[in-house]
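Both complexes below contain subunit A, partnered by subunit B and then by subunit C.
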Partner chain A sequence: MKLSATIRRSLPLVITFIAGLLAIGDYYLKVKVFNDFITQWMKFVNVAAAFAVIIGYVTLTRIHTRRLNQRREGWYNSVALLIGMYAFFLLGVVFSEGKFTAHPAYTYWFNNLYVPLDATIFSMLAFYIASAAYRAFRMRTTEATILLVSAVLVMLGRAPVGPAIWPAFGPITSWIMAVPNSAGMRGITIGIALGVMSMGLRVLLGRERGYLGPGA
Partner chain B sequence: MTEENEMSFFDKLEKVDPRLIYILVFLIVSLPLIRPLGLPISMSPMTIAFYDAVEKVMPGDVVIVSIDYSAASSPEQYPQTKAVMHHLATKGAKIIGLGFWADGTPFIDSAFKDVLGKSKDHPKYGTDFVNLGWIPNGEVGMKALGGDVQGTCPKDYYGTSTGTLPMMKEVKTGRDFKMVITLSSGTPGVPEWIRQIQAQYGVTFLYGVTAVSAPGVRIYFPAQAAGGLEGLAGAAEYEVLLIKYGYKGTLAPPMDSQSLSHLLVIIFIVLGNVGYVLKKHGKAK
Partner chain C sequence: MLATLYMSVKGISKPTIRKIAGLDAIGEAVGRATEMGRPIHFSPGIGGLGTDVAPQTLAGLSVLAYIAELAAKYKTTLWTTIRQAEVQPLAAEIVRQSYLKAGAAEAYDEDKVIFLSTAQFAYASGVVGLMHREKVAANIMIGGFWAESLLFAEGGYLAGAIQVAGTANTAQIPFFVAACDYCLIGEEILAAGAYISRDPVQLGAIWGQDCAKFIAIILVAVGIILSLAGSDYLWKVLRGPLW
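Here is the complex of A and B:
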């Protein structure tokens, strides 16, 4: 069956509009039947989202198999990715009968391979942050100087050495975090929230169609 | 010393080779781990508020502990997780471990084993604590969890039907949670929990976050969040507060490393600025 162009364009907008209204309605209407329906619907959405993992597996396999076949630059990284991905899948799902930790090799690999590698990559930030802070924090303007002084005070206040040098570093840091930081962050957060509401309305009313893909 | 030499010295202050900084950071982080300095750990108001909120938990209260971080931030957040689990177990809380980050979920099992000795084989598994594992779909998953706990998690992490676990018989919706604690390093995390559970069910809410996330979530204290652990420093402070419950912390040496690395960064910032100001002054002349 081939759908007309109008239906193909309108149907997703109608579904989005109804889905959005139901989600908003659940927040404001306290009607048991309606709320129970939304709860069931949310569980369905959860199950549907879990299937995205399968799509992820298929897509990654296709992309990296192609890279491997064409012997593109760095093809050996694709080999490592495919081995790691399928080894974890086999250990965690197939050999563990879906109970993840049932196979000891899964936990062993996770704790002794994945965790150290991931944590090492993240911890390398310490080197780059130290170097970047040294190069970036310059008293070029008044604003930059205020930022620099705040950063130094917070660095001293959030490590034991600061209060050991001067006990007031702790309360000063707490004040910076609780007053200027919170005031600024709250302003930004409220601004983002207003933007999200505006964007949500545009999506619900069909004014914003970027999520439907090009040409929608 | 000639003016030309002076300028090159200021230039050097401003442009230290990054490799020198890397080597010094490596040494300064490593040495206190081998030989700790034993610097005293001070208290922040956020950690005290967190501790006080957990102290109010009564035996039998249902507390959600959500592991919303990945392996990358585990060195910073796993110590938070262990300390939180220990404190809750001491207070006699009914702990529900779960997570919205797929690769963070194994830490729930590890934390139960580290704190209680065993996980699913523990004689009190199912009556005092459970591990519901990963819940997909982020914020929508949280919404579903609040609406129907057993429907959203029909089986626990080990494949047992959730409805057959004794403590889960009384836990139907978000209204049955006494407290939610998220240990989070991103999205979904603190704002999502606040929107979908804290605001809708009036649950007491606490968080433990990475140091880099702390300024962003501080805005929820004290209205939505009753307290928070901020980074490794927050976890170290919490460990000190838990000494009275016999908790043996591990974070004093890493905090010494953090102290020295912060000092090193400050020294380099000062050196860079001295070079910058003197060079500017020299040019002005």
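Here is the complex of A and C:
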């Protein structure tokens, strides 16, 4: 069945409006039947979202199978990805004897293969922070100089060596974090809260349609 | 906000909002990629649609529609990487429609809207790898980002890309400010859809947001004066309950 252009354009907006009203209603209304319904509905949303993982599996399989067939550069990485992805699927679902991700074989490979890889990527942040800080802290402008001075003071206050050199580094750091830093962050947070409210209003009323694509 | 929205709908006022350098720079970034004959990378963040980060993801998708249209117009390759499976079909459809609108339907390649992984750092390594392999000339990141923000920003820098990034996650904003060429701070990403579309009604809502911010500033000032005078009246009123 082919839907008309008007329905295709309006249906997502109507669903968004109703879903938004239900979620807001759940927050403000204390009616047991209604609140219970929303709780169940949210569970349904989570379950439906979980099924979207299948889309991920299909997409990855299609893309990497094609890379493999065409013997594109780095095709062996696609082999590793496909083997890893389906091996975890088999271990966690098919051969898990009903224990799923709690099965010892799954947890063994997860803890000894996936977790170290994850930690490796995360640990790269330390080096990236150093290189990004080097670029950001160069004294090219007044703002960059203020950033450099305050960052050096905070680093000295947070590292054990700082207070050992001069005890005042600790209180100075606390003041920078509690006063100018908090003030700036709160200003940004208030702006974000108002921005979310404004966007929520636009989405609920169907004015913000960019996420539905051009021409929606 | 409702009042300004109403006034905009009725045409009572035609609001204008300040320029947002980060959003203006997106066109420049796409142009640079076109001139260099290298691709663009876009990420709508790692947040899903069912969490409190959803507004940021939606804002990112609004920007994606704009970038995809520009990329289709200038025949520049656009890579869109996705972490949340439920965002994948939405992003793919947005890119497809944008190519259709630009009259370049044949240039749309569904394999360039790629779901990488739901795992945060697996996704991060996939994105960084893609930026290096494809030698992207522009890296645009708008949405909810966490610890991977700096991995992406430094990965993009090392690939030689011009970078435009924005998030409302306050802990990640400093990383983007430090490592990217242009940064959208907090609420600016949420205004992106309205800013790009130039729809007067949406701009009215942004104007209302600015009015609310002005009221917040007045309340903060009054609160400071009352606190200095030893009164906690305003704090008690705002803390509620209102009824």
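Going forward, the second predicted complex is superposed on the first by the 201 of 216 C-alpha atoms of A that agree within 3 Å, B and C clash if a C-alpha of one lies under 4 Å from a C-alpha of the other, contacts with A are read in each partner's own complex, and residues count from 1 in each chain.
In this section, contacts are C-beta pairs under 8 Å (C-beta built on N, C-alpha and C of every residue); 3 or more make two chains touch, one makes a residue touch a chain.
Computed from a prediction, not measured in an experiment: that's the story for all the values here.
K.L.:
For A:97 in the superposed arrangement: first (subunit B), second (subunit C), both or neither?
P.N.:
Once the two structures are laid over each other on A, A:97 reaches subunit B alone.
K.L.:
Return first, second, both or neither, reflecting whether A:168 touches subunit B, subunit C, both chains, or no partner chain.
P.N.:
Neither: A:168 stays clear of subunit B and subunit C.
K.L.:
For A:139, is the partner it touches subunit B (first), subunit C (second), both, or none of the two (neither)?
P.N.:
Only subunit B is touched by A:139; subunit C is not.
K.L.:
A:152 in the overlay: touching subunit B, subunit C, both, or neither? Say first, second, both or neither.
P.N.:
first
K.L.:
One more residue to check, A:60. First (subunit B), second (subunit C), both or neither?
P.N.:
second
K.L.:
If you stack the two complexes on chain A, which partner ends up touching A:24: first (subunit B), second (subunit C), both, or neither?
P.N.:
In the superposition, A:24 touches no partner, neither subunit B nor subunit C.
K.L.:
So in the superposed three-chain picture, is A:45 touching just subunit B, just subunit C, both, or none of them (first/second/both/neither)?
P.N.:
Touch status of A:45: both partners.
K.L.:
Looking at A:7 after the superposition, I want to know if it touches subunit B, subunit C, both of them or none. Which is it: first, second, both, neither?
P.N.:
neither
K.L.:
Contact-wise, after the overlay, does A:79 reach subunit B, subunit C, both or neither (first, second, both, neither)?
P.N.:
It touches nothing on subunit B or subunit C.
K.L.:
Hey, what residues of subunit A end up touching subunit B and subunit C alike?
P.N.:
Residues 45-46, 49, 53, 114, 117-118, 121-122, 129, 131, 133, 135, 185, 189 of subunit A touch both subunit B and subunit C.
K.L.:
Contact residues on subunit B for subunit A in the complex?
P.N.:
16, 18, 21-22, 25-26, 29, 39-45, 70-75, 103, 105-106, 109-110, 133, 135-137, 140-141, 143-144, 147-148, 151-152, 157-159, 200, 211, 214-216, 218-219, 221, 230-231, 233, 236, 255-256, 258-266, 268-269, 271-273, 276-277
K.L.:
What does subunit A use to touch subunit B in their complex?
P.N.:
By the definition above, subunit A touches subunit B via 27, 35, 38-40, 42-43, 45-46, 49-50, 53, 97-102, 107, 110-111, 114-115, 117-119, 121-123, 126-127, 129-131, 133-135, 137-140, 148, 151-152, 155-156, 158-164, 167, 170, 173-174, 177-178, 181-182, 185-186, 189.
K.L.:
For the complex, which residues does subunit A have touching subunit C?
P.N.:
For this pair, the touching residues of subunit A are 45-46, 49, 52-56, 59-60, 62-63, 66, 74, 114, 117-118, 121-122, 124-125, 128-129, 131-133, 135-136, 185, 188-192, 194-203, 205, 207-208, 210-216.
K.L.:
In the complex formed with subunit A, which residues of subunit C make contact?
P.N.:
1-2, 5, 48-50, 55, 58-59, 61-63, 65-66, 69, 84-86, 88-90, 93-94, 96-98, 101, 111, 114-122, 124-125, 133, 147, 150-151, 153-154, 157, 168, 170, 173, 175, 177-179, 185-187, 189-194, 196-197, 199, 201-202, 205-206, 208-209, 212-213, 216
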